[in-house]
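First chain A sits with chain B, and in the next complex the same chain sits with chain C.
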Partner chain A sequence: MARVKPAASAVRKKEALLAYSIIGPIYLWFLVLIIVPIGIGIFISFTEWNGLASHPTWVGLHNYSTFFSSPDYLLSLWRQIWIGGLGFVANTVIALVLALMLNVPMKLRGLFRSTFFVPSISSVATTTAVVIALLNPQSGPLNRALQSLGMEPVVWSYSTFWMVFWITAYNLWRSVGPTAIVWLAGLQSIDPTLYEAARIDGANRLQLIRYVTLPGLRPIASYIVITGLIGSMQMWDSVMFLSRGGPVGHTDVLMYRIYRDGLESFNMGMSGASSMVLGAVTLLLTFVYIQFFVRRQENA
Partner chain B sequence: MIRKISASVLASSIVLTMAACGSNDSNASSSASPSGTAASTASASGANQNESVKLQVVGSDWDDASMSKLKTENPDSLGYLTRSAIEKDHPNYKVDFQNWGWAEDLDRKQRAAILSGSVPDIVHGETFMPIYASEDILTPLPDDIVSAVNPNFLIQNKSGQPVAVSPKGNVFLLFYNKDLLQQSGIDPETVQLATWDDWKSASDKVTASGGGKSFGGGIPSHPHAGGALRLTAFIRSVGADWGGGDQVTIDTPEMAKALQFVRDMDHNYPKGIGNGTDEGPLYKMFNEDKTLGFVVNGTWQAGDAIKNNLNYGVVSLPVAPGGVVANTLVGFDYYGVTNGSKNKEQAFDIIRTMLKKDILGAASKHDITPPATTELQSDADLLAVSPILKAGIETITKGELKGLPVFNKNNAQIWDVIDTKVIARATMTGDAIDKILKEGQAEAEQLLK
Partner chain C sequence: MKMTLFLKTLWLLLLIAIALIMIYPFVFAFIAGLFPKDDFTNIGSMLPIPKRVVTDWYVGLFEPAMLRPFFNTFFRTAWYTLAVTGMAFLVGYVLERLRFPGRSFFFFFIIVIQMVPGVLTLIPTYILMAKIPFLGGNDWLGTGGHGLINNPLVLYVLIGPANIVWIYLFRQSISALPRDFEEAASIDGSGFYRTLFTVILPIQLPIIATIALNTAIGTWNDWLNPFMYVNKLEYTTLTGYVGLLVSALSKFGDRNYPLIFAASTVATLPPLIIFLFMQKYIVQGFANAGIKG
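Coming up: the complex of A and B.
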């Protein structure tokens, strides 16, 4: 026994070394690209720094106090939640409907699936240019169509309703394809014998969806909802390209402010504090979803 | 020690996250801190003429990719001519010519380089260069450069020393379509456009006679710099301005008067054209569709006028009733030598080369853009190149002109408020001007705290 023990220990050490060499790079990657930036972000949020001075000035809770005492920051957080949330709900629901349609056996199904995916792989510059050209109040195709129908042209950029609509539509156009593909993967992972059994029990089409499809999609739904929630809290590029926060700041979302604070005004402290608040709100929403929907369903 | 470590970690992280660019040359400087060294007036071409010197300079149109393209497409580009001359006249200068883009992208990359300690010898840019100047990152310009250029082409540091120069720059002029004026019953050869009232009267007539197909045009109020730059040129005529530094002066009676005029003139645009996020449709109306009577633009308008065979006229901007001649500097690309540079005199030689008569003259002629040097501004050959260039040079040499003001804190955010919640709001909504100004002032003040 005494002669075996060192050999076993050496094997264990070798195995441990092998294990660490496999997971080590991942941990290092996680540390360098996630933990350290988050730590620096938290630190910067308590400082004032313009990116030119050699070191930041510690200001304690001043940036957080500015955030919570300023109606503009609070309003932009609210807009992030509702405009981002609107896009998230629209994307999730429409992608599901699309996936249900694309799951039906038909001719050219592969072509349809690819078509919905195209906007998401096109460059943002190209897709934005298309939407901006559409919305031209003077010579845009949309207004020309309205005028040809005898209607008054719409100055889209004057209206909060229309700018929110177009921001949502643009995001939907770009992201509905990939989400539908994920839903589709979920649909195709449902055991076909469950449908057969339900049909034998007399279920109609709606009942098949209600009692077989939707419960079967729960695992994939968790993924779509959580990544969608996070995405909606990070939505800003479409705002910058289409409305620049207008009209009169009514579509100015918090992520767009964070970008401007950090990389245009170089007010790194305020940008850091706003990022922390937005991160906390995103975590809270995700926690609520997991706690009240995923866990409840698991327990049921 | 903790400060040094935190500064190093921050610098590294910013470099990692912000800079996806730029080669770090072997002449990397050890510190970004201001040296406080005043540059001498002597050129480096004296003492160590043959000594090899390494420099890294950031600028436009002089990186390897641009050089090969410009050689055939635009050999009169300032960057192309400058690099060619440096390579010929200073073979001992081993210069890494960099092009890091423009606007925020350029600013981010330059700040990252400065923070990392790998400071370029020359940095450049427009709106953020006054901030670099106030942060004492730039070395004062030698006297020979300062004395050669019009003061409107310089920016100063906090002590008032010139630290950066723009070889070329622009101001706004009022261009008009002679054919449209003629069709409206206005003689384009004798039209009076000296005052706001003159202009409004002419523009109203073009709109009235256009029958909804052509319009007079007014003052752009796009919710971004494209609107602010042009509009500021007008508000200064009544003595209004936005402030700058630690002060915001949005809510003033002069500003109310100016914004009311902007609102009145906006009726001479089709709705949404003068204040849209995309300014392209407005200039398309003037240049290609030829359905806009007037446009406020810089001398670069010359290129479009020629390309589109436009029958145009050009005058200085109209003046407010009882007001003064005013304008805004635009399109200035300032170059400065950093305090972190180890070869300041050689770096200044590059700026001197940009300002040489043959180089800058050729670039100004090609771009139809006023040059910085007083010698070229009075050069008869250059003034004869184009009536637009002549009008631009005459305007830019008429007294002291300013660019858009820079605020000490949250500069971009305050400009967002001015652009979207003051300027664009004045024409996009029917809200009372007083209310707009009061709310804009309060919000901007909050951002300055």
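Coming up: the complex of A and C.
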């Protein structure tokens, strides 16, 4: 440090001061509105706290043991994993197919790309209403259409299969376009000369996909899978609007349960503990994916 | 790879069918908003044509009582667009270009925070807003009042992990920019802020547009926060109002579908218009996030 001239260290100090004065207030905002809530979440998960007007009582790990010993919560977690996971897999795969379909040069490609993107710029609140109206059991357009085809009308909301189907279909409708566009960006980032070279080596169409397209998509795949996994473990708004967790709780995903525990039945302790478990499961799935798929591919 | 004409037609028809599914709900909602309430209960058609057309539901949305939700949506969107974009611009730039102690810690913080699942902050943020000291009748321990619940201010202070992603994205964009621009400006005697706003800002406009437009659409469409934090029509937003109406649908009672669809259609129009004119930035930004992230 002896070699640094006084002037240089003054400049450095000024630069640091400038940096702190800019990011300081913004990081304070993050601290209060993100870090503090995470801290509160951890704290309340160890307390029994019914209603904001009362005081929380420390109960240690009691909420966690309730979570892992009650079939109710474990089933909610399982529903979050399988209903969320189903939507995630459907979205990822169908988006890739769509992207491959769009990756053919044609005149209307730009128009299709925009149209597929449009559902995602609408609010969940506004578009679920259409599905609810279509599924109306008595006069619903879908049931009328079924009847006119000579089929029996379905009471959609009594059937777990159909409620899961419509929740998945709705989420697919909303997010398949943007995911397809990310896949498409990945497809178009693959160097075209690689295809040329493979073709000269005598590769057929399937081999081109297997040995050029899929390896070229790896970086983008990890982005889609990680954001998709996190999103599917948080999926609940469409459940709340479309099925309210029904029939008889068969689509009651953990995230919706957390919302109700926190804001409807004011069981803050359980909502905190369930959040921690769901957060841990989300991070675990992400970690497993990175560890076993991304790393392995990098080594291969 | 040449495709036969038959295959090509099939391909095109399939894409057209998917495109129709994508826009169908919007068309349905627009038409359904034109029905008289009693006629709608028995529509029974996938593409209903109203026998009597009423514009009351649409017109009713522009009555004085609804002006507040409109303005709230507008101001909230404007505020978050400015705040989140400005935040990404400033923090992203500072983290990439300035040298200061703790720089790598602050960057690490951004990377970790953007991965935090939203579930961890949903209910605790509500508790924090209810128990925040000194505000809304609360004492220093956060008891005695309602805090910021049902206070219109609450819809302007919330910030979540999802907003942090943009800082990362902007930093990536700056790190790809050669330092020559700043060095030339500095030789010409331009100060830090002047360089930032007259040199960096113009070159980075595309990414800034991406951040601003996505934030604007996201904030406009946010029904959950108004739904959770305020329960008065004059404090909520248009989307929050629609969320309230739709969540009441699956409960028993009176269902006014045409009103919901008129409100939905009107609430969807601003994001749709922004998308139609600025889609290049929105779609491109989405694609870039995947490649750079």
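By our rule, the second predicted complex is superposed on the first by the 260 of 300 C-alpha atoms of A that agree within 3 Å, B and C clash if a C-alpha of one lies under 4 Å from a C-alpha of the other, contacts with A are read in each partner's own complex, and residues count from 1 in each chain.
Following the convention adopted for this analysis, a contact is a pair of C-beta atoms (placed from the backbone, for glycine too) under 8 Å apart; a residue touches a chain by one contact, two chains touch by 3 or more.
Here the structure is a predicted model, which means the values were calculated and not measured.
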After lining both complexes up on chain A, report clash or fit for chain B versus chain C.
-> clash
Which superposed partner A:Val36 touches (first chain B, second chain C, both, neither) | both
Does chain B (first) or chain C (second) touch A:Leu284, or do both, or does neither?
-> neither
Of the two partner chains, chain B (first) and chain C (second), which one does A:Ala8 touch, if any: first, second, both, or neither?
-> neither
Report for A:Leu28: first if it touches chain B alone, second if chain C alone, otherwise both or neither.
-> neither
Does the superposition put A:Pro137 against chain B (first), chain C (second), both, or neither?
-> first
Once the structures are superposed on A, label A:Ile230 by its partner contacts, choosing first (chain B), second (chain C), both or neither.
-> second
Give one of first, second, both or neither to describe whether A:Tyr158 is in contact with chain B, with chain C, with both, or with none.
-> first
In the overlay, answer first, second, both or neither for which of chain B and chain C A:Val93 touches.
-> neither
Of chain C and chain B, partner touching more chain A residues = C
Touch check for A:Gly245: first (chain B), second (chain C), both, or neither?
-> first
Would you please give the residues of chain A that touch chain B in one complex and also touch chain C in the other complex?
-> 36-37, 40, 44, 52, 132, 139, 242-244, 261, 263
Please name which positions on chain A make contact with chain C in the complex.
-> 12, 15-16, 18-20, 22-23, 26-27, 29-30, 33-34, 36-41, 44, 52, 98, 101-102, 104, 106, 108, 111-119, 121-134, 139-145, 173, 177-178, 181-182, 184-186, 189, 205, 219-220, 223-224, 230, 233-234, 237, 240-244, 255, 258-259, 261-263, 268, 271-272, 275-276, 278-279, 282-283, 286
The chain C residues in contact with chain A across the complex are 1, 3, 11-12, 14-15, 18-19, 21-23, 25-26, 28-29, 32, 41-46, 48, 87, 90-91, 94-95, 98-101, 103, 106, 109, 113, 115-128, 130-131, 157-161, 164, 192, 217, 220-224, 227-228, 239-240, 242-243, 245-247, 249-250, 257, 260-261, 263-265, 267-268, 271-272, 274-276, 279, 282-283, 286-291, 293
For the complex, which residues does chain B have touching chain A?
-> 3, 6-7, 9-10, 13-14, 17-18, 32-33, 104, 107-108, 111, 114-115, 131-132, 135, 137, 223-224, 270-273, 275-278, 281, 284-285, 409-413, 416, 420-421, 424-425, 428-429, 443, 446, 449
What does chain A use to touch chain B in their complex?
-> 36-37, 40, 43-44, 49-56, 66, 70, 72, 132, 136-139, 153, 155-158, 242-249, 252, 257, 260-261, 263-267, 270
